[in-house]
Every structure is written in structure tokens, then in C-alpha cells.
């Protein structure tokens, strides 16, 4: 089945989800990402990070596109929040900023990223706000954070 | 080669001059024909024509111009649809229902819908409005809309309402007088409203914000204080389970606010953890650690509280300091209430009690009664509130009654069918009326069949066969 | 052998130059940390986030309908595209079939919006290289489109017009005629821009061969939209993966051909936008001719409450691929909305293609990428 | 040809005071006059620029501050008072000096630039006898004095302690000094033909022969080289690199505001008028009426067109036309890059100007 090269090659390592995306284990990501890059998926469209509240896990969804064969591919990884994920920023330069964003907002750390630091939030920000267990701080740089609008008339 | 370069050089210059002349010719054409080509308007003297559309019952005829929001308050039935639709919460509506059995007439809308309540407050903060038009569509009576355009005979075009103060952009549409509110039996509402206005007059707008803004010296130390808390929370970092950790940390924070010591705190943690079924070996070690935790930071805990006190305005300072008991229970302790509305009510009551310098137990009692009055109290909330009491008083009688009452309410809902089932009715108007009857029935403790009969009787002329069948099936 | 700029002899140091956040040509509140050696730029680090409004966090607290006005505010120069992209994603999640008329109206407003956005892009690009008059001319024509949109939705910039499952309103009476009138007016204007700016020798000198973005670099950096097509990649979602009803229309996808210099230079990026406006006019003429009758509200769900699941949908906006990744857990509030913003990826290539050029060229390259900071920072 | 100073000295010679004291008194009068000319020029030119740019961009420009109020319910001469209002605003504005700036130099810079422009004015003839001081090395003096301003620009850029200012100043210095050469070469050509550095003599030569712009193809080219080079000299688009708005914010003027900035503005527009007047005097026949351009025998009753009063008028008309062209350029063209600007100067204008010089001497030998 040539429709999905990744599934053919790493049969035992991936599971096909019902929306057509492939779920893999984060440990295999290094080899699989290299394979994906080599097999013509040259365009990394998007990296989405998400927080699986119920399972106490974080997730990443990679959307690839092949400009030559005009095919799409979605890879998903779900893992505990302590894990370091292999960074594809050296294969796909666009992943640089996407991974920084995932780190900034979701707190996913990437192994081998050239410059993993915050991108959208200020450097002195604490916490990763897109996590479900994130709570608004009471102070930011000594300023109280207004939370209640009950003074609003 | 040489000639190529030279011809390229010359061609470049010629091409350059040619395009320069083209461009200059074009700009000169515009310069010459300035009268015909001017595209701007002299704004205050001339204005853009406003595209026309009519306001009407048909959704296609809605006036689409996004300018200032306007409410025909006489038509408002207080359904709160627009308040719910607003993504930025810039609409605030209060409603008051006439008490059961009263013959107060709330009037009728221009669409002949009988109003069931009066709207003593309908405030729109246009400084927050983002002109998305989402509130206009759901209104069943079409009484909220953007003014301007073809509405001009009704309301003048109003997209120029700039103000010098932000307060000037808050528009109050409600017209109910105090007499109206009193007539309808809203003494408590009026009292609260006046108190709120009074507080606003005094400048205590910032109630409910974390307590620090007043004293300048406190501010610099505040973040440090937040950091000092960390070691206590870090104990639980050994626990791998994220959710369990979260629960534990919340319990600790809760315990701190309530002024527990470490043993009590760890008990609290343990109980919460077991309740959620997240026990693990790491967790139990962490709890043990917490029990044995005797850091210097414990000195910080009282100092925290004094700091909080300095945060209060000065006139309260003395009394607060003289009543150390109340530190265990402050406004933050109410944060455990998850429901936003309930929390708001509880906090209001708390502040009220604080002003009248009641002690903790009285405050908690007051909160419980207030929540009861609004029928927002569930058992869990009450228990937690009671646990705040310094001396473990037996719960007062009224609350016991509440328990019974609440149970009875629960039974009712079991008997009655779900209101959502009425959503299958296609006609909007009929659905509304049916739901109203349903609610009336619910209040009067009627059973399903009684309610269905009521609906069928009252709406018999409006219902088609299909709907009748549908409602009949609900028995 | 002989170096003029031998730093060991001269002892020249590099200078760090902060361009922005307050700078006339950073197109918003973007800060560029530029390391320069005299006029020559050796490294650029874009620092973003000054306009971060927690869009994605907001979405986790708002119902699906309420998110639409927030998407408008992401790319405020192409608000229709954002609403359209988001609506397509939600419709995919809900699996609704749209009436024909809705799709036609959506295509019409999207193409009008593309013209409006490209007008700003080319005008502002002219402004970046110092030509001020084209900017006012393009703004003048954009106002006409905004007039049309005002009739349509009541707002001039942030429309909240395309809703999941339908549209806020049907077309106002006379809209089709007015649009055709506008197109008749607009087509000669493109020639005027070409005469004034596109063909101007100074403009060509400034933009041709500057900031060349080779095909491989563009793809590797995830550049999309006109900037990618200028590098010679024939990738337009309206053709390669047609959404809505774009497969019904006959139009070309302009790609950069290096007419004035190298493929993928700033001039190509500019000119692809000019050509795309012409293609949009073509699509509009076809769509306006064959717009069917119907009810635009018929497919609109009463309450948007998708099943548990997730969707990634792509959309070709004026700036490139907008992707919406939406996860639903069955509530009326999404658990996660991620927006793949095209300008975010387009900006990341800036260092790669403009290092080694002069400060003036950094401005040119930045202008040719056509970024909108509202969308980058979200 | 007499100058204003000579005339006044003669006129006031009956006052019996020391000659040097009298001179000081006498030069004050044209000095104040020149200052007024510069101020009025800046106001008119700003108004002109605003209106021209507006009309070319399909706008109306300033319309609100009418000098003559309302007439018939409509604004009459709308916008003509706008520059006056702006001038008042600029004079009343707070004078902001950055903390780390070199305050003395920063104060000095605008005055250096102003003095450069002001001193140039002394040798500018507005009509046959309407010149403050009639040098016999007029052109040389003008070229020399107009480069004084670059010192002020460098001072302004350095003392502001701002990187944009520094960039602007360095670009300005490089550009202005480079473009001195084509300007000098194209004026040298005229000097070579007429054999005099005196502007009066040059105009007289044109009256005797014909205007320089139509004298020979080479002088025609020289005029264009001169005109385009002075665009660069006065930092006008397409050569406004030193203050490139979209790149360097405002170049060397970034940190200036209020009165000091107004002086920059004044000097800039004064420089524009100076180079236009020089161009019209040297190449376009100065105070000669355009009728002499075509060598039509002027009937006697039309001879008043060449009188000294109308001579002033003709100089001004020609200069204002050139200023209009400068503005026309500005609102049509994009801006060059700094290396392209240098390319244009060293690889196009200077070779052409040198070749011109060579060919025109051959031309003069033949004809």
C-alpha cells in the first residue's frame, strides 16, 4: 500500500487513527521523522500541541505535505509531560518557530532544538498558559493581575 | 562583450528615462484632473452615505450597520440571550420577577408578548463592545440593535459617540424607577444596588481584585512572598501523576489560606487525594514529608496575613488587626466555589459582613443564608463553608431546613421531564411559550402529565398536530 | 589577497540595531534585532509577541460561534479569510453540507478580500521602498471594496460575516451590480499601478535580485501563499486542494518567473500579488455571473456542538496557508484551537534571505513578505 | 551691476559715522530681509508640497485652516493658513533633548546648517541688481557655502546619540560630498564657456548669446546632471536616503523637535530655493524673459518685460517651476539604495560630466 509510506515502513510502531493520522511513540520519532523527510514530505505545515486533560498527557500533531506528490500526512505523538521530544528543527527549519511556540505555550521541551526559548510571551513569564492546569498568577512583575470583574458597572 | 555591456548600459538608461516619464505623466495626469479624481471627503462637513437596509422581523431585513448598540427597553423581556451571546461580556442585565401571586403587570412588548419580569438594569459598556453583532441576532423581540442607517427616523446615526471619560461610554437603558422595583417586591435588590452605587462613589471599585494595590512598599515584596510559598508546593513534585499533583497543590493552597498547620494540611491533602482515587506511593511519602515539614517559612505565614491587612484601606486596618481570628477565612477562601455566580454572591456577602465588622462565624452564616435565598447552595459548598468556622458550631437550623428543601427540589426534577425535550418544537414563538408554561409548572411542583396538559390547553390554538403529538408523547 | 574590509586591520565592531517595535515600516509592532557591520546586515533576529492577545487561550473559553469575531482580529487586513478558514474547519468537524448560494457568496467575498489585502500589500511595499503615491492610490481602491463590505455586513474592517454553517446575512439588493461596477473600474487601475510602480526603473533596481528566496529554502521554512509561489512553487490550495467551490472556476495560479532578476526575489513576490489580483477579478466575474438563489441560513446549526474529535483544515488566505486545528470533546467549547498563521512562518525566513544585504534591503524584504503582526502574535 | 550693500552704503553715506559701524548697520537690513525671504519661502514651499502631493495622490490636502475665514458658507482659501499654524506649533513645542545626547553640539547643529544656507543666500541674485553682495567669484562661493551644511548634519547625527541619526548623518555626508563633484563639473562647464565666475556676467553672456540650456546638447545634458545632482544635495526623493522615512525613521533629524527642527526645515527649503535659483540663473537665463529664449526680436513696447522688477519675477517663476519638478519627482519615484546612489554619482554622472566638459570645449572651438 503506497498510500501511506510511513505505515508501510514502520508497521509495528504506528497505529492508524480513524481520521487518517498516524499515532507513534515518541521514542521512535527520531527515526520516523528522518524517514518522512527522506520520503518526499518536504513541507511541514503545522505543529499543534495539545493537552489531554483526562489522560494526563500532552500531545503533538505534525501536519506534513509533499509538494511533489501532493500528499498530506499527519503524525501524532502523545506523551507524559516530562518527556523530551526529538526536535525536527534541523530537518525542517520551519519547525524552529513552531517548536518554540509549543514550548512557550504548552511547555513541551524539545531535544536538539537550536535555540529553545520563549517566542510569544515575555522572557520572564512563568508557566505555560495553554496547559489545562495553568492558573493565572496573582502577580506579574509585582503588578496585581485583575481577575474579578465584579467592580464593573 | 564590450559592446554588449555598453548597449546594456545605454539601454538601462533609456529604459529608466522612459519609465520615469511614464510615471511622471501619470502623476501629472492626476495632478491636472484633481477635481474629478479626489477620493477623500472632508469628514465633519461631508459624510459617507450609509448603506440602506431595513429593520424588520425577517432576519434578512436586519439593520446591519455596526454603530452604537441600542435597546428598546419597553420590548425587553429579560431573556438574557444577548448577554449570553456577547463574547466580551459587555452587556449586564438584572431582572426582577414579581413574587408569586402578585398581580403586578409587567406590560407587553410591541410584539404582544406578555413580559414576565422587569429589567431594572440593562447596561452596555460600549468601550468594551467589539461591534460583532452577535447579540442582535438571538433577540426574540428584536429590541437590541445597532442604530443608524434606515433606523434614522427612529434613532439618529450614532457612530460618533466619543467621550472624554471611559465612564461616558457605559450606557444604561433600563427605565424602571425605584418605585417599580419596590412595587415588584425587590427591596433587597434595591438595597444591594444602592450599596453598590455607594461603594462606587467611595471609590472602592477594585473590590474583588487581589488585595495589594494600596501600599507602595508592599508591592516590591509581594513576588518574593509568592516565591517563598514554593518549597511547600515542591514537596509534591516527586509525584509523577500531574492531576494528583494538582489536587495536592490546590489542597495546600487552600490549607494555607485557611490557616491550617502542616498536619491538618496533610490530612486535607490525604482526604482529597483518596477522594479522587489518585493514591500512590510517592504521594504518601510526599504527605509524610509535609507532616514533618518544619521550615523557617512558617514564620512567614502570619507576616503574610499582616501584609494582606495593610493592603486593606486604612479605616479597617485597626479592627482587622484586633481580630486575628478572621485571618483564617478571607475572601480568597471563597475561591473554592466553582460556580462563578455563586462565588460572586458569596463574595458580595462577605464584603458586606466585613464592612459591618462581623466575626467569621457570623460571616459564614450570612453567606449561607444569602446563598439559600438565591437557591444556589449545594451541600458540598455548605459543608466547606461550615468547615471554615473557627469553633465547630453545630449547623444552625435554617440550613437543615434547606437540606430538606433541596432534596425535595431534586425529587421534582426527577418527576418532571427535561425542558430540553421541548427544543424539538419548531416554531420559535410556540417553543418559548411552552417553556414558560413548563417553568411555571415546575415552580408549582406539577408532574409531567399536568404540565403537558397545561401546555396543550393554553397553546391549543397555536399548535399544529405534529407538535401536539410530540408534546403528548412527553407524558 | 587584498581585502578592503579586513576587520582585523580596521578593528571594526558589529553594531546591534533595534528596529522597532516603534518603527514606520515594521508593519505593526515587530522588533528586529539587527546585527550590522556598517550598512551591511549580518544577522537578523525577529522578536515577536508584542501583540499577543492569547487568541488560542481565548478560544478555549468561548463557544464556537463566539470565536468568529476573534478570528477576524487575527488578520485584520483579510478578516473574511480568517472567518472563512475557521468556518470551514468547524464545518468539517460538524460535517454539514452548505447550500450552493452560501459557497458562492463566500467565494465572492473571499476574492474581494484578497484584492483588498493585496492592494494594501503592494501599496505598503511601495511605501517601504519610498514610493508614497501608489500607497494612497491602492488605499483609494481598497476603500471601494470596504464600501461593498459595509453594505454586506455593516462593518468596514472586522466583519464577523462568515459563520460556521452559513453567513450572517444574505447579499443586500444591488450588491452584484455594484461589484461588477467595481471590477470594471478596478481593472484599468492595475495598469496604472504597473505604469507607476511595477515598471519603474528605480523600483526594479531596488527589488529585483534582492532577498532571493530559492524554492528549497521557501519550502523548508514553510513559507506559503504568494511568497512561496513567487519562488516558483505552483502551490495554491485553491487549485491543489480545492475547498469550497473553487474547482468550478477557471483561473491560473501565477508563479514567479524572475522576469526582472532571479526567481524568488522581492520583485517577483510583489508581482505575483499584482497578477493574483487579476486572477481574483477573473474568479469574481465568473462567480457573479452564475450565483444561484437560495437561503443562506438553511444549513446553519442551531447550536454548534461537534462530536468528539479533531480536525485540521487548510485555507488559502491572502498571506498563505491558514490552518485551523480544532479539537472538540463534545462540548460547545473547543478544547484546543491552534491557528497555523502563514505570516508567522513567512517571517521566520527573514534572516535566511536578507542577511548579507543592506539595511534598506531588510525593509524591502520585510515589505515583500507582507506580514500582519496581528496574525503572527495572535 | 551693483549690489544691495553698495547701494545702501551710497545711500547712507550722508550719516557721519565710522565706516565700519555703518557697514554693520547696513548689512543688518539685507540680513533681516533674507531671513524673511527664507521664512516665507519655507511656508509657501510647505504649502505647495502639501497641495501638490495631495493632488497627485487624489486627496485635497489641508483644507481646514483658511486664512480668510468663511465666505458664502464655504471655507475660503482653505488650508492656506495651515503652514502658519504649523510654524506656531513648532515654535511653541517642547524642546526635547535626549539624556545621553551631547547637548551643546546638539544645539549647535541646526545653527550650523542654518548658517550654511544663510551665507549662500548672500551671493544669490534675485534680479539684475537685487543681490546682497556681488562677488566676482559668485559660483565658487555658492558651491563652497552650500557644503557647510554637511558639517551641521554630521554634528546633528553624532550628538543625538541615536543609531538612526548616525546612519542618516553618515549617509548624508557621503552623499552630499560625492554629489558636489558632478555639480561642480556641470557648473564648471558654464564657467568655461562664459569665462567668468560672476553670476551677473553669466546672465549677461546668455543675454548676448542664448540660454545655456539650449546653447548646445552638452549644456543641455549638463543642466540635467546639475538638476538631478542637486536633488541629492538637498536630500530630495529619489535621493532622500539620509532621512529615508521607512528605513531610518527620520535620519539625522530623529531626535530633534520643536524650534530646532523648524530650523532644519527652514534651511532645507531654503536650500531647495537656492539650488533652483542657481539653476535658473546659470542655465535658464536668470532674469531674462522667456521671450528671449527663441531670439524673437522683441518689439520696443514689450521691452519692459526685461526690466529689473520683472527680472525678479522671472527668476522666481523659473525657480518655482524647478521646485515643482522636484516635488513632482518626490511624489512619483521610489527611493534609491545607498550603493545605487553612489553608483549613479560615480559611474554615471561624473563620467558624463567630464565627457561633457571635454566635448563642450570642442564645441566651443568649432562654433
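A, B, C and D are the chain letters, set down in written order, and residue numbers restart from 1 in every chain.
What we mean here is this: a contact is a pair of C-beta atoms (placed from the backbone, for glycine too) under 8 Å apart; a residue touches a chain by one contact, two chains touch by 3 or more.
The model shown is predicted, which means the values in this text are computed figures rather than measured ones.
Steps from chain B to chain C, taking the shortest chain of touch contacts, total 1. When the interfaces A-C and B-D are ranked by how many C-beta pairs touch across them, A-C comes first. Once CA atoms are averaged chain by chain and compared with the all-protein CA average, the nearest chain turns out to be C.
Here the spacing of chain A and chain C, counted between their Cα centres, is 24 Å. The geometric centre of chain A is 62 Å away from that of chain D, both derived from CA atoms. If you average the CA atoms of chain C and of chain D, the two centres end up 44 Å from each other.
The set of chain B residues touching two or more other chains comprises 20, 23, 26-27, 39. Contact of a single residue of chain A with at least two other chains is seen at no position. Of all residues in chain C, those touching 2 or more other chains are 133, 140, 196-197, 200, 202, listed in ascending order.
Residues of chain C that touch chain D in their complex: 15, 17, 23-25, 39, 126-133, 136-137, 140, 196-197, 200, 202-203, 205-206, 358-361, 363. On chain D, the positions that touch chain B within their shared complex are 52, 55-60, 63, 328-329, 331-333, 348.
Chain contact summary for the complex, chain B toward chain C: residues 12, 15-16, 19-20, 22-23, 26-27, 39, 48, 51, 53, 59-60, 62-66, 85, 87, 130-134, 137, 146. Per the touch definition, chain C reaches chain B in the complex via residues 62, 65-70, 73, 133, 140, 143, 147, 150-155, 158, 160, 168-170, 172, 192, 195-197, 199-202, 297.
Taken together, the chain B residues at the contact with chain D in this complex read 13, 20, 23-24, 26-28, 30-31, 34, 37-40, 42.
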